[in-house]
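Both complexes shown next keep subunit A, but they swap its partner, so subunit B is in the first and subunit C is in the second.
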Partner chain A sequence: MRKTGGQLIVLVAINCLVLLVGAAISGGSFLSIFNLQSMASQVPEIGLLAIGVMLAMCAGNGGMDLSGIALANLSGVLSAVLVTSVVSGTEHPAAFTFAYIAVAIAIGFLGGLMNGLLIARLNITPILCTLGTQMAFTGLAVVVSDGKAVSVGSPEPLSSIGNGLLFQIPIGFLIFAAAAVLMAGLLKYTPYGFWLMLTGTNPKAALYAGFPKSRVIITTYALSGTLSGLAGVVIAARNVNVKWDYGSSYLLIAILVAVMAGVRPEGGYGRVICVVLAAVALQLLSSVLNFGGLSNFVRDFAWGALLLTFLAVGRYDLVGILFPGNRQRAALMRTPHASKRES
Partner chain B sequence: MRVKSKKVLMGAVVAALVTAGSVGSILAQDKPVIATVVKISGIPWFDRMETGVKAFAEQNPDVVASQSGPATADAAQQLQIVQDLVAKGVKALAVVPMDPAVLEGTLKRAMERGTIVVTHEADNQVNTNVDVEAFNNDAYGTALNERLAECMGKKGKWTTFVGSLGSRTHLQWVGAGEANAKKYPDMQLVDSNNESFDDANGTYEKAKEILRKHPDLKGFQTSAGNDVLGVGRAIDEAGLSGKVCLVGTGLPNPSADLLETGAITAIGFWDPKYAGMAMNSIAKLLVNGKEITDGMDLGVEGYNKVTVTKGAGAGLLVVGNGMVLVDKSTYKERLF
Partner chain C sequence: MSSSPFEGLQESQDGGVLSHIGGLIRRRPETITFMLLVMICVGVALINPAFLQASSLIDIGRASVVTGLFALGVFVILAAGGIDVSFTAIAAFTMYSMTLLVSKHLPGLPMVVIILTSVVGGAALGVINGLLVHNLKVPSLIVTIGTQYLFRGILLSFIGTVWIMSLPPQMGAFGRLPLLQFESANGATITLPMYFLVLPIAAIATWFIINRTLMGRAIFAVGGNANVAARLGYSLRTVHIFLFAYAGALAGLAGIIHVCANRQANPFDLVGTEINVIAAVVLGGARITGGTGTVSGTILGVLLVVVVNSVLVMIGIPSTWQRLVVGSFILLAAAFFVTRERMK
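Up next is the complex of A and B:
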């Protein structure tokens, strides 16, 4: 608990710091409503994928989902191909939107379910399994789209998801926030969340305690896949077109976000709120660098530095050092960890 | 714990708002900003374009011109830069799209916000004020292929490379090349449209594979700026310099060694420096409310008498005459 609070504080502080720096170098235009909206509309894609990665990592036993962006692209592309062949987006925009979203999310769910079944039933190491499905999903997306971009167009409700505002907040961001709240609730208040974290902490104990381990893992990857499907919808809504190779850099960024958020790579711990804040922090940082006109190689460097900082925060009690008042309690809390590591 | 984090949060938010309010009112950019966004930064082609953008900025002190681009070849990363620049409030964007289709939504929003959009290497871009091309793409592809056919003695197996299957201009060049090769019934196209992703190493590996698969291959026609380097290295290492022909888009300086050994037969290009200047020049004209007319002189070499037609969308398509084709004996005249 102590450690998690530290991560949260550092994330909040970094977000505020970057906002301040942005305001300073841009002469305030960084904090203009338009830019805040613009940045908020960019977060959901990577944020949704990062929550998926977090879920997989929490499952422990080397849990990882490398197929996220590939599945998101497949959902977007395949749904576009399927739905446009049945419903015309210009003639029946509402029906098209509804069908498009439903099909894309269903494809995401099925892809994730496939990952889960392969990992839980055939006992394939998650990182290898999702690497394989990643290539399979990408390949399928190339085949169904002939390697070209597929146009979704801007039928009205769908276009609003990508570009519209509700109470001055981009709708895409609201969807992301809603998904995050839902996942956080699921992890905190349902037996599934409880099982997931405990299975991740100690798979053997979970097995002897009679947890439905396979079902937990299948559910986890299916959820991750569903989030990818949702990311595919957001991408399509924002960009008018979907393409199989969109966001090839997202794969590593999503993992970066999850690690920054303090998700334990060994499994058993992760908080959705931290993932959201980490995704926002990365977005702010890259926007600040774009505002400052700095090279994008600087951005890669800054992200790397940030990642190392967060790993340090996770390992050492940096917040305790910065706020000595809490230090004693922190030391007390750390003792059991230390003894565990020695054993 | 909770209280502390809330205090930190509140403090920071208040501080941020105060700073924003105070600084925002002082600073107001008076010079119009023209932001050039390239497909990927740090490669010779777009470094050369940057020299053009800088030269333009020097010649035109009344505007601010700068160039940026993603560190990785990913359309999503370029999209993010464009979106941030629009939010920053630049007056005009000069974009070389990684994938025109992916940028449509964002460019549309930019234009709705009053940002002027000029594109390059994207004559199918719908949401742009002006797309500027260095030359007629079909003519260029035909010229490359004609040079290749001449080297191959108009017969034998040949193949093509494109940057990616989404790079429309690349597909146009190889398409025009294929059409041209139909004139020569002995030329046989094999395994066409290999994707290079503008990565010399990846292209090198792929070219080696193709040479293994087709030991009797006679020619390569390549598209992205780094392809000739990768394919040329593969030809050179296989000891096939002078036996296998290679004609493609490339820059003289990086290609110089391979042109000398004969691994590269000829390179075609347009000077990205002048393309960058032409984009900025058009952007400036539009910012000042001027019109772009047929036969106009943009004041940039190779763009002294441009052809103006209607573009893919509501905008214009401006075509210059900047095609250059050089080989071992002539590349030194154009060394950059």
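Up next is the complex of A and C:
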């Protein structure tokens, strides 16, 4: 499964197909550099959250992170409240930006750490725990901001993270790509990545193999929280204000992206590159629906239908039928890895 | 330690009072919910005696009907080890389509038929959930997030987005029909509406299914361990379909009552309140991994959430704190139940 899987090919095909359909509907303007840039600048928020959901799902045993967008909003709002009380964004824009980013990511990390500690040390079911922290994070964001939008303004380096371009590519997208590469490397080349996937595949075997189970789980949720914090920074950079109820549908979309990317809900398998491609595909699709003049509600409907379709694809192994051999090889590959770790 | 009369009922005779309370909590986790509820009520009544007025109590009763109906459905699914977040979308779907249908095409439809149709409609949507959960073999959370968007998307893109401000007369009349009516000290009329009765009826029906039928046995068996239940001969397919159909039926009922109580049908309503409902069920002592829980605990959990939501303002805490308080309650309750579990 560490080889190029069928899921990857399918996702690339979907991306190309949607690009073609978009070009056909719009008569070419869909592929204009401006439109591509604007679509790319919208991917990072969802993409970062989806990688977080993927990590939690990979941990298995009902792993799930429902607190992603709530934590992103909390990071954005709390950091804005804390930092503006110390540094003024208009007078010292650079200092403000760095302080803002550092505080937001630190809050994301702490929130994730809290999730991880609750799940690993107290044995609370992930769904229940992140449901509770989701409410608590949102509640805290409401309390510190008094339920109102908090102004971040557009101090220079921060605003260009959200809206600027580097080599014609939106900077936010580059940050997302960098984070994705980092996570992919972490999963592929570090013991943590091994432990995470094997714990998800078979928690009991992982326990007997002597994996540091709670450390793996705490790291997973802390990473997911840090990514949420980063998403909070991107949200603040793209918008002038941050508010506690931003992106209420992101929770579903992040899960949808993870499922589209072929992450197994039972845990043990997920690839960052597939998550990135799925997030891009979803953004393209959303833009196509926009170009087609359909309302947001049709989009909601389409997301729901898409999620269920991809669940069915995963269940009945339609990808495996299209590309026989991949799955079998993957199943064979899993065992040697496990035994290698044990010896 | 002297023994009080009821201690004879418990297994351990030698422990102190604390361990007896511990044992009671272990077997009936909702005791904690009850104690918490009583403590909050007493505390609030001390700070602001206005809380004990009949009007605020009746408000709490009224507010708990819709949440309570939802919670009973969620409880049944939770007991079988699943989770459902699509029930609010089912309720919004049935209530809005039904109201639209009655006001546009069938103005003379009697109220009983309206309610029954909503229940059947909700159950039908629930069956879709059940079939998907059973056949896709993925966690029901993910499936029902999908169907939530699906149902809501169909409602808003193909059925309508316009508020219906003037209800058909029979629905409005049902919402106003009084069960109890009296005048308060300041001359305002206080009404406990007839639809309040639906909650106790639904609670008793759920209790009956859970405790007195084979389906109830099957639900707890599946919640305890689905594989073992299947080997014992319970049909997982039947159980899954029943669960989600039952929750859907309750959601349809809750939806139509929501319309009658608010005297308007807003298709954007309800969706977004599901976390509150799940919180209520979990606070009532049902474990999210299934196999446990009681109807009385669920109702206590609902009361706790409704009371917390409505009394914060009364004791001078800004309503912005509501989410933080409920969220912390969930985490505390979860941590508490888990710790008790481990000590056993």
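The rule is simple: the second predicted complex is superposed on the first by the 304 of 343 C-alpha atoms of A that agree within 3 Å, B and C clash if a C-alpha of one lies under 4 Å from a C-alpha of the other, contacts with A are read in each partner's own complex, and residues count from 1 in each chain.
We take it that contacts are C-beta pairs under 8 Å (C-beta built on N, C-alpha and C of every residue); 3 or more make two chains touch, one makes a residue touch a chain.
Source: prediction; values computed, not measured.
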Would subunit B and subunit C fit next to each other on subunit A once aligned, or clash? clash
Classify the contacts of A:V12 with the two partner chains as first (subunit B alone), second (subunit C alone), both, or neither. first
Considering only the touch criterion stated at the top, classify A:L20 as touching first (subunit B), second (subunit C), both, or neither. first
Touching A:S248, do we find subunit B (first), subunit C (second), both, or neither? both
If we overlay the two complexes on their shared chain A, which of subunit B and subunit C does A:S295 touch? Say first, second, both or neither. both
Could you tell me if A:G139 is touching subunit B, subunit C, both of them or neither one (first, second, both, neither)? second
Go through the superposed model and pick first if A:V240 touches only subunit B, second if only subunit C, both, or neither. first
Per the contact definition in the header, classify A:G147: touching subunit B only (first), subunit C only (second), both, or neither. both
Once the two complexes are overlaid on A, one stretch of subunit B runs into subunit C. Is it 40-48, 130-138, 148-156 or 274-282? 40-48
Using the superposition described at the top, list the residues of subunit A that contact subunit B and also contact subunit C. 147, 248, 295, 297, 299-300
Complex contact set, residues of subunit C against subunit A: 83, 132, 135-139, 141-143, 145-154, 156-157, 161, 272, 275, 278-279, 282, 288-289, 318, 320-328, 330-331, 334-335, 338-339, 342
Residue positions on subunit A within touch of subunit B in the complex are 2, 5, 8-9, 12-13, 15-17, 19-20, 23-24, 26-32, 34-35, 38-39, 41-42, 45, 147-149, 151, 154, 162-163, 238-241, 243, 245-250, 286-287, 290-291, 293, 295-297, 299-300, 323, 326
If you look only at subunit A, which of its residues touch subunit C in the complex? 62, 64, 118, 122-125, 127-129, 131-140, 142-143, 146-147, 248, 251-252, 255-256, 259, 265-266, 294-295, 297-305, 307-308, 311-312, 314-315
In their complex, what parts of subunit B are in touch with subunit A? 1-2, 4-5, 8-9, 12-13, 15-17, 19-29, 41-42, 66, 68-72, 74-77, 79-81, 83-89, 99, 101-106, 108-109, 113, 164-166
